[in-house]
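Note that subunit A is present in both complexes that follow, paired respectively with subunit B and with subunit C.
And now, the complex of A and B:
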């Protein structure tokens, strides 16, 4: 298991490095010279050239990438071109808001989804199974930002039950501010997770080892937990692990709609301003977290299922 | 009414289980399959009953109905399964759960898939002792004891491994250990050696025989390998198209099979063929459609000895010899007389 974890970790580092290289390349393809953006349209060519040199943009691309890696290793993501503040500080100020938002969203959604999926599989063709099925399919197809707009409209504007703007002050207020955005992000995941758990539960329930467990008169609760769910939950874990990228992109919209601070809002603003170091830093950190999430989901699966440990 | 899980002392010559007229149907989109029809059979106390017949004749269906694990689309259409005065055919889910893993346990065909792949052997062997009041250490010790009974080398260390780390033969030994650990009165083994190679098959059969004698339980042994049945069983029932067509002591039935189907089965057994041939003989024809079982004898269409009566009259089980019955009009004493 430990060796497996190390292998997986090494692979993750490689993935992050490749992702960063591609990202740097892509930023250069996008039209608009960062130096021109910073200095404005009336800057002299000399000044532009000076800024380009200061930002290292005059050097060949591979050199830029290598320098950038070197800096990352030292924890240095560069400076904000407008304020001169450290990019890593700016990014890590905003990161907790987004992390809390997406963890809360996925946590409630996955818990509810697994419970519903499990129930639907065990009580197939009951009215709750049918209802879950219909609602799942319905919510899966609604994008998070549509959900966000409607939930603002209904709960904040019409009913005035919950706040629609900002992240709140203090613990309880913070939680009140989390409800609508995490609902908007999580709701489609409930359906996803419920569907996938139901399908894989049904598959596992037909396997011979479940019949064997029944042949020993084991209690239903034990059979469901350790013979069925432990295997059936694995596709859902993978889905959530790889879905963290989607969660981040949903957060970009939802943070904009609810005017919440966070990585999403930061990236949107930085892209508009062509604030090159901040975009790069924020995307780097996000990529790291996405890769980390995949790693964690792989490790969770390896922990649940010994057959997965020896692969690779 | 006492729980069927409680043992009632019974005379030794009374059978452990007696199946009276059991019929089982499967509902399928293409019609109802009458997989078992009017099965009359007794599982003797402390002995091994073999169940043979070609694929699809209903051996597994019969085995599963004795442990209440028929699939969801199955329905017991009639008959009774009596065990200590209780009718298992009418048992509710709770009562079944009390019986399973206490008085009845089962060994499955494929040891590769029968064990829970995500739990250690030890954990599974301790889980099935969940009714026992003992401590964890006691249950663990008992698990090791039974792994030693099935001659698994280095038994204690096997508790911490997962099924996929063991070979097929070892896994089947683990399954046998688990089945015996619960000290059942009835052990059902549905083709426990079919998935194993020939050497392993012999080892497992010998092991089963030894352990059955040691623990004195009754065994229902399903197989389509006649050699293993001869080796292991005391009595045998031959099934064809959802019916028992011949039953009796192994020595009797194997020496003098009376039903043409049993005879054909022996003629096709590779182990019994003395003359070298290039082709394995097979019984010509196929099983009748179990959605509409034929009116007369079910084997009629494939039987070389069929005559007019077989067409119209369904043969009952005629006594053929002491302790041997066959479902064939040729065995009818009246037929001899005429």
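And now, the complex of A and C:
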């Protein structure tokens, strides 16, 4: 297990490094000078030259990439073009808002999804099973940002139950402001998770080891918990692990629609200002988190199911 | 009794066979009808729209649906129904262009990874994994910062983020086929690589790939609408669904109709392509069902 974890970690580090290289290369392959791009067409040549030197653009490309990697290792993601503040500080100021938003969303969605999927696999063709099926199809077909628009429309504009703008102040107010955004992000995940858990439960239930456990006379509840669910939940873990990327994408929209602070809002603002050190830094940090999430989900699966450890 | 020399009944073509099986699958049929409607309205959009989608009219602003304006009018009096139909054309154009590009590139890279030397395979896999670890929208925003917002940017972003998914599937299939007995037999008979690829590998890989692509259309459309919603994709006044939704969002407290009108097609497209894709998958390739 330890060896497997170590190998997987090494691979993740390499993946992040490749991702960083792709981004930096992309920036340099595109015709046009990044300095001109930032300063706009009316900048004076002296100003452009000054910015180029400040950004290290006057040095050869390989040197730039190596310096960039070195800086990242030291936690330095460069400076904000306009204010000169450290990019990593700006990004990590906004990150907690987004992390709270997506963790709350996926937590309630996964809990409800696993429960619904489990229930509908055990009690097939009951009304709750049918309802779960309908909800799954219905919610999967609505993208998160459309869902966010509808939650604003229904709960904030028509019913006036919940606030639709900002992150709120203080703990309780913060929670009130979190309800609609996390509903908008989470609801389609309830459908995904319920569907996949139901399907894999049904598959595992038919396997010999479950029949065997039943033949031994083990109580139903124990069989479900430790013989079926432990295996059946794996596809859901993978789905959520690889889905963190989608969660970040959804957070970009939800933060824009609910005017919440966060990394998505930061990126959108930086794109509008063409403040590309911030965009790059934010993309790097989110990519790092996503790779980490995939790693964690792989490790959780290896822990649940020793058979998976040998792969790689 | 049985006349062995009698010629067998003509084989029904794959298409008519597929359609007949589809007719027995209720959700598949719904999906097929929705997809046909949407593609049809995208192709014939200029003849369907009752008004010029960009024309600002003197009539009522933010009006609810009526006989003249089926989905109402927006904040500057444009007919939402016409804009929605015209937006469908943009959405389908983006989907068709970017998925074609992603499929071809994914096919090529997947074949290279599957058949090429081991080191090349490893390098490509790393690049695929790295590309997949960017969140689509965030990566899209990064690309917008570099080359600016446009229809082409949207297509490029969608293509780049979809390539790894297709390439990985092609690679897995190619690797499985590489050692299949019929391929080994062909190679033993001295059949060359190009023929092997085109006659034997390609048809086996293409089916699952096309099914996956059809299930990816909703994602592509959500990406296009999403980027345009943020003002980073198709620029106004071009009527993209995302642009319509953004206009609607800005006036959501005055009228719900632009948001409702702009979101209905996105929901219908997603339902249609998902239903159709799932039905096709069940009909042609039951093996894939597990992977979903």
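Rule of thumb we're sticking to: the second predicted complex is superposed on the first by the 298 of 312 C-alpha atoms of A that agree within 3 Å, B and C clash if a C-alpha of one lies under 4 Å from a C-alpha of the other, contacts with A are read in each partner's own complex, and residues count from 1 in each chain.
By definition in this document, a residue touches a chain if its C-beta (ideal position, glycine included) is under 8 Å from a C-beta of that chain, and two chains touch if they have at least 3 such contacts.
In this text the structure is predicted, and so the values were computed from the model without any measurement.
**Q** Fit or clash for subunit B plus subunit C once both are placed on subunit A?
**A** Partners fit side by side after overlay.
**Q** Check the residue A:231 against both partner chains and state whether it touches subunit B (first), subunit C (second), both, or neither.
**A** The first partner, subunit B, only.
**Q** Answer with first, second, both or neither: which of subunit B and subunit C does A:268 touch in the superposed model?
**A** A:268: touches subunit C, not subunit B.
**Q** Would you check which partner chain A:159 touches, where first means subunit B only, second means subunit C only, and both and neither mean what they say?
**A** Neither: A:159 stays clear of subunit B and subunit C.
**Q** Looking only at subunit A, is it subunit B or subunit C that touches more of its residues?
**A** So, of the two partners, C touches more residues of subunit A.
**Q** Determine, under the contact definition given at the top, whether A:2 touches first (subunit B), second (subunit C), both, or neither.
**A** In the superposed model, A:2 contacts neither subunit B nor subunit C.
**Q** At the Cα centre of subunit A, what angle separates the centres of subunit B and subunit C, to the nearest 10 degrees?
**A** After fitting both complexes on chain A, the angle is 80 degrees.
**Q** For A:215 in the superposed arrangement: first (subunit B), second (subunit C), both or neither?
**A** Touch status of A:215: first partner only.
**Q** Is A:73 touching anything from subunit B or subunit C once the two structures are fitted on A? First, second, both or neither.
**A** Once the two structures are laid over each other on A, A:73 reaches no partner at all.
**Q** Quick one: smallest Cα-Cα gap between subunit B and subunit C in the superposed arrangement, Å?
**A** Superposition on chain A places subunit B and subunit C at a least C-alpha distance of 17 Å.
**Q** Both subunit B and subunit C touch subunit A; at which residues?
**A** Touching subunit B in the first complex and subunit C in the second, no residue of subunit A appears in both lists.
**Q** What residues of subunit A sit close enough to touch subunit C in their complex?
**A** My answer: residues 14-16, 18-19, 22-23, 26-27, 30, 37, 137, 140-143, 145-146, 149-150, 152-153, 157-158, 245-249, 252-253, 256-257, 264, 267-268, 270-272, 274, 276, 279-280, 282-283, 286-287, 290-291, 294.
**Q** For the complex, which residues does subunit C have touching subunit A?
**A** Against subunit A, subunit C makes touches at 126-127, 129-139, 141-147, 218, 222, 225-226, 229-232, 245, 248-249, 252-253, 256, 259, 263, 266-267, 270-271, 274.
**Q** In their complex, what parts of subunit B are in touch with subunit A?
**A** 67, 69, 96-102, 105-106, 108, 110, 113-119, 127-128, 130, 162, 164, 175, 178, 182
**Q** For a test of understanding, state which residues of subunit A touch subunit B in their complex under the given definition.
**A** Subunit A reaches subunit B through residues 207-209, 211-219, 222, 226-227, 230-231, 304-307.
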